[in-house]
Amino acid sequence: MMPDTATLTVDALAARIPDGASVAIPPDYSGCAMRAVAALIKRKARNLHLIAVPAGGLQADWLIGAGCVSIMEAAAMTLGEHGTLPRFVAAMKAGTLDMRDATCPAIHAGLQASEKGIPFMPLRGILGSDLLKLRPDWHVIDNPLSPPGDRIVIIPAIRPDVALFHARYADRNGNVWIGVRRELMLMAHAARETFVTVEEIVDGDFLTDDAKGAGTIPALYISGIAHAPRGGAPVGLAGAYPADAAAIAVYARAAQTTDGFRAWLDETILGNVPA
Amino acid sequence: MMPDTATLTVDALAARIPDGASVAIPPDYSGCAMRAVAALIKRKARNLHLIAVPAGGLQADWLIGAGCVSIMEAAAMTLGEHGTLPRFVAAMKAGTLDMRDATCPAIHAGLQASEKGIPFMPLRGILGSDLLKLRPDWHVIDNPLSPPGDRIVIIPAIRPDVALFHARYADRNGNVWIGVRRELMLMAHAARETFVTVEEIVDGDFLTDDAKGAGTIPALYISGIAHAPRGGAPVGLAGAYPADAAAIAVYARAAQTTDGFRAWLDETILGNVPA
Amino acid sequence: MSTKVVTTPEIMIGAISRMLYGLGHVAVGSSSPIPGSAALLARALSGGRMRVSLLGSEVHNPFTDGGRELFDCAAQGRIDAFFLSGGQIDGHGNINLVGLGDPRQPKVRFPGSFGSAYLYHLIPRVILFREEHSPRTLVPKVDFISAAGTSLDGEYRPGGPHALVTGLCVFSFDKKRAGFTLESAHTGTTKADVQSATGFEFQSAPTVPETAALPVDTLAMLRSRVAHEIAETYPAFARSQWGV
Amino acid sequence: MSTKVVTTPEIMIGAISRMLYGLGHVAVGSSSPIPGSAALLARALSGGRMRVSLLGSEVHNPFTDGGRELFDCAAQGRIDAFFLSGGQIDGHGNINLVGLGDPRQPKVRFPGSFGSAYLYHLIPRVILFREEHSPRTLVPKVDFISAAGTSLDGEYRPGGPHALVTGLCVFSFDKKRAGFTLESAHTGTTKADVQSATGFEFQSAPTVPETAALPVDTLAMLRSRVAHEIAETYPAFARSQWGV
């Protein structure tokens, strides 16, 4: 493995994500590093700035409920068919979360600006939305290439300190196979450091493999990899295992109250036997 | 096959590219549709605006020499180790070609602007280059997010009428596998229509194939496909066959003069027996 | 199975699918089981001439460039129709997906704006849907504009609202007037019912037709083929609607 | 084989490779066999700690996001060194890859600017190379600035020229002064030789050392392992230099 990609335990990987870091996380369908998220909770990570790419799900709710998050940036926060995110909604009603509402393509565009090393990306639409009032960092300019009146939004670059996700395979050179989940590649290009948990670390070099190369993030962008079988459960991992709907439903019910969340956390994440 | 992706002969495919069209073409290492280019020459295509993504090679020189091109947009024009492009250099010295010199990332950025449906893309660098004098369509603005003095170039969207290239595989649904050659996907996203020649049309659906999906351009973007075995020769096709260095060297020598090019064209492309 | 009573979601699916006939590419976003079913039904009836891109599906999803591709594809003009809902929808076509009250400390928090603020501007035919038709959901003015129904002159806006389909009726949207028109009411619903359940002003003809029922064979197709297709992405919805 | 006389390209390769020691990621563009060999040599000596990205190679190429990735990667600050050449290079570090005379109808046409106008601004250590060292190639002022050696105050410019390696000597570049300094001359070349062959003004110490020769084992490594590695991308160069 190249020296700048380290093979880590899940706990050591979580320890490489410092308090206060901005952390880009994928949507629930794209490979969530749930075991690493649990390790972040166990090590009592604080003041994380989560950037959902573009929607936050179970992992965001776990982290918010456990007190790890001070800033949440997302186009949406949802458990899909399981309904709303209980700890997120509770934090919003309490006014304790700095929520930065966005729209999906603005998050992609901001990450693409970082990927290209440009200060901003113009984006159509959005004009007339109250999101512009919530986002003083989004600006509206006149399109310099058009006659006056053609206003256009510009989205500043989003440069996460860390991208964190779960994937099926890494090779021993530190290359990570993500298949069609290119938002993960965008995250890795845009972030300063990328940490990945994987189902399997396999022999061979994906970059010289005709079948794997096209869906591979080169080791160049990867700071650390941890081997974490079923590391995407209970959210699921496309092609490997489905979402554990029963476990998610248990969570969604338990987390309706602070006490219920605490008990769930103690038992399920912290591994404490309830008193 | 979906009704909006047609299976064509190479000649029928070339006939779908009208005179005056702007045509994006890949670099020599990325799959050049040489048989389709030959068909364009045979049907006496005229006034093409070639957009090299980002460098022009043998196919551009063939088309320029055959009188098919009025505008050439490229960051570079080269035959690699075989030297300069003889018909391009001759046309430049004669002042008969409207050459729009660029720099590689500006061509990618312009195509990405079309891919995102935005009017322009900002791009770092370039300031101080005389390219800005040759490109009145490139503008310099003050970065609206910075203190004064942070000038930045904005590149207008490049929306080719057609993207034309050669690839290894298409499936019967019209999906085209390009592997790691993502500039071909960018071209397809940015262009109004995309025409592809392929080595093989195979069974199955690449979009639901774990191994193929990540390197596939969906049929959604493809207007027409022609089956053209060795359609990338003599430039070569990665993973399939190498460049035919001898054939390219023969061309490079023959095309040093107008008469030499004519004779080469008659014999090699038009299939006429020399008198 | 087709003798089972037609449900409100089925009426909505039928009404939406009729708005999609003849289109080339219909995309469906998150949390959209009713539009998803409508799109798959329209595709089934198109003889393979319609593409459907279903966000969250692994089968009915043609995208290979990551989460941004849906949005890029829309901006390229390659998507003909899309669907949006809202915690609130107002009479000017504005939708609210963020919440009620101060968005920084809301009384009620909705999931968030998703791609609405963007796609509403770029896709020619955006169909609004909301099963709950009440003064609570259809309001004079939304608390928060996630996505605006209309734009200022000179602003780039190839897209916008086409219709609003609820559990009671179908409205069309008039861009010039920036308002809705009642087109049909579902079986058993009167114009007066619609008026009393709607928080915003709307126009309508003196007599309002009943929303057309799905032909029996189309309903059967919805309950079999389409039910199974949508179950891949929305298993709970398919189970509760059709027991699959 | 190592007893064969050391060629000028080999001296240049040695001089360039020494400038790369300790770097993490070195990228090599088109038409760059000498820098490509230097980068692969430096990698061979780094014990696997250096990455080399060789444009046009199918083996020494870590990119999976298409032609733009090299440029994006540079802008992200992930590339430490790169190489540029020029039909003309002037004393302020400006390079001309477009041509001589009116660019619209040039007397001589060069291949074009490639990525120079961009990468010169973004990659910290850009090493210029040009084997032909003559008043024709090293000029007081280029006919056309493909990429500018220095920038105005306030302009974003993390990158720029680091050195110029020719068939005769090695220059360093002083950004403050916007000019070159003669650092060493290759075996058999005097400071006076360099002065008479150079069209631009430059500074130098009173005595100029000889460009250091490659150690014998390093030269052997260049002529065997590196020769075979570079042959994949530059077969004609490898054949003419090393007969592989």
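As written, the chain order gives the labels A, B, C and D, with residue 1 at the start of each chain.
FYI, a residue touches a chain if its C-beta (ideal position, glycine included) is under 8 Å from a C-beta of that chain, and two chains touch if they have at least 3 such contacts.
Fair warning: this is a prediction, and the values are worked out from it, not measured in the lab.
S.K.: Report, in whole Å, the distance between the mean C-alpha point of subunit B and the mean C-alpha point of subunit C.
M.R.: One centre to the other, that is 40 Å.
S.K.: How many Å are there between the centre of subunit A and the centre of subunit B, using C-alpha atoms for each centre?
M.R.: 37
S.K.: So the centre of each chain is just the mean of its C-alpha atoms; given that, what is the distance between subunit A and subunit C in Å?
M.R.: Using C-alpha averages as centres, the distance is 28 Å.
S.K.: Find every residue in subunit B that makes contact with two or more other chains and list them.
M.R.: Residues 109, 112, 116-118, 123-124, 150, 152, 180, 182, 185, 213-215 of subunit B touch two or more partner chains.
S.K.: Which positions in subunit D touch two or more other chains at once?
M.R.: Residues 58, 63-65, 71, 75, 122.
S.K.: Viewed as a graph of touching chains, is the assembly arranged as a line, ring, star, complete set, or other?
M.R.: Shape of the chain contacts: other, as it matches none of the listed patterns.
S.K.: Can you identify all of the chain pairs that touch?
M.R.: Inter-chain contacts occur between A-B, A-C, A-D, B-C, B-D.
S.K.: Mind pulling up the subunit B residues that touch subunit D in the complex?
M.R.: 27, 29-30, 53-55, 74-78, 80-81, 84, 88-89, 92-95, 99, 101-106, 108-109, 112, 123-131, 134, 148-152, 180-186, 238, 245
S.K.: Which residues of subunit D touch subunit B in the complex?
M.R.: For subunit D paired with subunit B, touching residues are 30-31, 56, 58, 63-69, 71, 75, 97-99, 103-107, 109, 111-122, 144-148, 150-156, 234-237.
S.K.: State the interface residues of subunit A toward subunit D in the complex, per the touch definition above.
M.R.: 2-4, 114-118, 185, 189, 207-208, 213-221
S.K.: Which residues of subunit D touch subunit A in their complex?
M.R.: 24-25, 48-49, 51, 58-59, 61-65, 71-78, 122
S.K.: Across the complex, what residues on subunit A touch subunit B?
M.R.: Checking each residue of subunit A against subunit B gives 109, 112, 116-124, 139, 141, 143-146, 150, 152, 154, 156, 178-180, 182, 210-215, 239.
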